[in-house]
Amino acid sequence: MGTTTPQRVGFLGMGLMGSRMARTLLRKGFPVTVWNRTRSRAEALVADGAKVAATPADVMAEVDVACSCLSTPAVLEEAVDGPDGLFRKARAGQLFIDFSTISPTLARSLEERARRLGVDFVEAPVTGSKNGAEKGTLLLMVGGTKEAVARCSGVFAAVGEKAIHCGPVGAGAQVKLAGNALIASMLQGLGEGMLLATKAGVDPAKLLEVVQASGYRSPYFEFKGGALLRRDFSTHFAIDLMHKDLTLFLEAAAAHRVPTPLAAAVREVYALARAAGKGEQDIGAVITVLEELLGTEIRPAS
Amino acid sequence: MGTTTPQRVGFLGMGLMGSRMARTLLRKGFPVTVWNRTRSRAEALVADGAKVAATPADVMAEVDVACSCLSTPAVLEEAVDGPDGLFRKARAGQLFIDFSTISPTLARSLEERARRLGVDFVEAPVTGSKNGAEKGTLLLMVGGTKEAVARCSGVFAAVGEKAIHCGPVGAGAQVKLAGNALIASMLQGLGEGMLLATKAGVDPAKLLEVVQASGYRSPYFEFKGGALLRRDFSTHFAIDLMHKDLTLFLEAAAAHRVPTPLAAAVREVYALARAAGKGEQDIGAVITVLEELLGTEIRPAS
Amino acid sequence: MGTTTPQRVGFLGMGLMGSRMARTLLRKGFPVTVWNRTRSRAEALVADGAKVAATPADVMAEVDVACSCLSTPAVLEEAVDGPDGLFRKARAGQLFIDFSTISPTLARSLEERARRLGVDFVEAPVTGSKNGAEKGTLLLMVGGTKEAVARCSGVFAAVGEKAIHCGPVGAGAQVKLAGNALIASMLQGLGEGMLLATKAGVDPAKLLEVVQASGYRSPYFEFKGGALLRRDFSTHFAIDLMHKDLTLFLEAAAAHRVPTPLAAAVREVYALARAAGKGEQDIGAVITVLEELLGTEIRPAS
Amino acid sequence: MGTTTPQRVGFLGMGLMGSRMARTLLRKGFPVTVWNRTRSRAEALVADGAKVAATPADVMAEVDVACSCLSTPAVLEEAVDGPDGLFRKARAGQLFIDFSTISPTLARSLEERARRLGVDFVEAPVTGSKNGAEKGTLLLMVGGTKEAVARCSGVFAAVGEKAIHCGPVGAGAQVKLAGNALIASMLQGLGEGMLLATKAGVDPAKLLEVVQASGYRSPYFEFKGGALLRRDFSTHFAIDLMHKDLTLFLEAAAAHRVPTPLAAAVREVYALARAAGKGEQDIGAVITVLEELLGTEIRPAS
């Protein structure tokens, strides 16, 4: 990706991902104005050089590019199109990049509303976990017009290792949701296998060793399988968020009349975890529901 | 893996995998006697230097090590313990390696029966597809006593790139079944995502590109995703066989009281494909059931 | 239920159910003003004594009680709160009864908005199929305040055999959705059993005979099982509508964090039917997707 | 059903059902010789007039008709064809009726083996719970030749209210398994609905009231729904047994290539219950797994 003269950047949402992405932008020389519903989480970035704004509209008043990374559609809607939303002080020619994971339908609606204000909208949901956000090595799934996407190159180069232009707005969201559904299936498939191995008296570390020596190996299995064996459930991606993404995936599937029996089944696994009060835990903990029913924990032999 | 003076090897089952493994053994200097239910498929290896035997028992009469790679438990039982089965002419001190994918229970039963005859039994289900069988680069999931497994080193070094000793007999089978269930979930997850993308007007090649640029990339996605985009459904692994393996996985899960909702859901996808008469097609074709219902084919944009 | 002096009734939505309910009200002496998006379907009731209004607002202008029975939330929203919606000409003291199957959330939102206008809102989703609508023998699942529900007694007595007051607004919707999810599971359970019986060479009529002689017999099995054996798929309840109701059920379940694995699985069966283009067919036809894959039809022996 | 001169009856298996059926036969005037693996449970019937035999073979030596009602295929096989099995002392002309729930395949195998000994075999799995066994009002799903079934009329009239001849041996088993899969779906469908209602603040008794006023009402919903509301989980039918029956149903479905996604999903619910150590509890308790995860119990409002 090419580089450009640092644009003045605004960033809405100082959560797990947003705060790290904003810090990365600051580190790479962008002037950044931040906003967060709970103001203290925004002020935590002042030490890194960030300016804090009182409302999304105030952010928009002083930047070239507004970015957002928010956890739910409702929060995003409010921050964008609410009474103090960024659209309230938008000017023709500005750029708005949303990094949240939302439905293709909402993404298209945001683009449409931005267009009426003369604002270019680009969706760019990300993957790469909080580590990638910290290091600026995220993978971006981009949707937008060629022209609008070209204007994002500076910001994308700062926060991401790679930006894949998937098509018009909505395409990035669709790819992102499919990717997350795939992740959920991979994790659940590995978890079921490791739990059955353990219960059957077989070292689950051997299953992981085989997987990683095979043609279906994946860095993700190394990452999550290793964490399962160490019982490290520190939160990279919360069960509630994955449940939301699986729900969005199933809604898109229903809208297009595509049956997705695997995604439906895996969403029910997340429903069990949420029922058990684990919604804020990492998706690695989803298998613990079955473990607790069984009274058996995945555990390496040695 | 170390090497040993070439043992006289017998090989039962000249299917997709067995015939290629036997040829690899011949190429690497082992004298090999082969047997197959349909004799012509055994005689096809005479040109490669194989000797053909009329029955499994006749194979056993003249080898140090008997190997088998057969498609169903019933065929295996007959070849091993039937009226002309290899156990009929087994001698104390022989070695019997089974490469088939069977249940842990059947594997343990074979070991027990072999032990009574003074025969060492080792299970070694394989992964790596027919290409790996041809090149001798399979991955072996080994179960057996340390002593018995040590005796397999020559054969294993010939057919496999890596042999992972998973534990006693049964452990290899358990790991293999879990691995196949994981493969089925990965493939179905990718297929659902690519089909929804296509139906939603998004290039499924973009999804594959994102997956392969991400932390959840896998050589398997490249292999199968690429084949899906090219609509190459040449058979590497038949739907009927995967359905059998998922059934064995679910049986083991039921025996150990482990709930495995994802594996249960994915097995039903294979049930749809079998209902549609696709049992002998490659597992890559499992998504075509949904495609045909929808009247939409996964297809890259260009 | 008691009776009252005939109220002037308005009715929005002349679909399968609404047109029959409106005719029943006319037959029982209520003056009825009807409205339908496609006007011709409203005019079809003029012969029965109905007056036709141009907009929902116009209906509201001349009635004591407005009723609605509409197929989707979007259509209902428009008819109620759109530019020509009934709320536009609502007067304090009027009564608004919605017979549609909607989410508890939407029902509560309608009540809230009605309250601001001084209008009493009652939800009363129905079951009993078009026959019940025609004869006035529907079962009503009522939600609302005691006072508001009491005001509905005349209308309820006309269209229904029984009205069960389930609780405040939202309770009727919740009960209705759970009832429909149960119906879908019963029908699919029967269909799977009859299809397997047929494929196994067993007369599916014997299964139905056993079911109906057993403690788990149900008039519904007689109705739908008999239709399946006669291959009578005339539409009483469309697959698309049941899919919508299962979706609303799953949304409510997600909102309350209740796992509902059966409902999730049965919704995927409806997704298969919709993918196959059967969305407008009767739910009895949902099993035909599996039949067509198998090339086997449920068929009695004789 | 007609009546005949009391045949000398043998009965294998004094479990929940068998002991009650044997008592009913005694009460109705049949001389009955009983056997049970744990002898004390057979001796409990001496007070009712039963004679106790030491082995199934000894039973067969002195009866005209041997009956069995055993919990698992393995126990049945042993009692029938083991070293002391009833086949050991079978005489040409005898009749053997099996009331167990087994696979169609095993039923046909028993018939084949009986035929070689000149023994008529009839399958007659039952439904109606322990109450029906006690009162002699069971429903029998009969498979066998016309001639063999005719010979069962006396016994059937004693233990059952109705015997439905479903076809040749195997047909009764197939119908029985389909019926049980249907029961499991009905119960789970009701449970999910009642649990969601409760969690949503709606009285689950209202759902049951609606169901029972509707066209999809069933005595089974009254029986089990009422028990759920009273939290009466006394064992009529154990979770382990239903799980076994669902497994047999899925095996038959796989053998005939019939996809049964609902049955597969409901079996996983039973897998959760078994994982939680509830295998010996009544199937009514299957929903308690979800209740415990949620920390919410189905409970009527008042």
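Letters are used for the chains, namely A, B, C and D, taken in the order the chains are written, and counting of residues starts over at 1 for each.
Here is the rule we go by: a contact is a pair of C-beta atoms (placed from the backbone, for glycine too) under 8 Å apart; a residue touches a chain by one contact, two chains touch by 3 or more.
From a predicted model like this one, the values you see are computed outputs, not experimental measurements.
Peer 1: Which chains sit in contact with both members of the pair chain C and chain D?
Peer 2: Chains that touch both chain C and chain D, as defined above, are A, B.
Peer 1: Suppose chain centres are the mean of their C-alpha atoms. Which chain sits farthest from chain C?
Peer 2: The chain farthest from chain C, judged by C-alpha centres, is B.
Peer 1: Using mean C-alpha positions as chain centres, tell me how far chain A is from chain B in Å, no decimals.
Peer 2: 37
Peer 1: Report the inter-chain centroid distance for chain A and chain C in whole angstrom, where each centroid is the mean of the CA atoms.
Peer 2: Roughly 39 Å, centre to centre.
Peer 1: From the mean C-alpha coordinate of chain A to that of chain D, what's the distance rounded to whole Å?
Peer 2: Computed from C-alpha means, the inter-chain centre distance equals 51 Å.
Peer 1: Residue numbers in chain D touching 2 or more other chains?
Peer 2: Only 253, 257-261, 264-265, 268, 272, 275, 290, 293-294 qualify.
Peer 1: Which residues of chain D touch chain C in the complex?
Peer 2: Touching chain C: residues 104, 127-129, 139, 141, 162, 164, 166-167, 170-171, 174-176, 178-179, 181-183, 185-186, 188-190, 192-197, 199-203, 206-207, 209-211, 213-220, 223, 249, 252-253, 256-266, 268-269, 290, 293-294, 301 of chain D.
Peer 1: What does chain B use to touch chain C in their complex?
Peer 2: Listed in rising order, the residues of chain B that touch chain C are 261, 265, 272, 275-277, 289-290, 293-295.
Peer 1: Flag every residue of chain A that touches chain C in the complex, lowest number first.
Peer 2: Touch list, chain A to chain C: 243, 247, 253-254, 257-261, 264-265, 267-268, 271-272, 274-275, 279.
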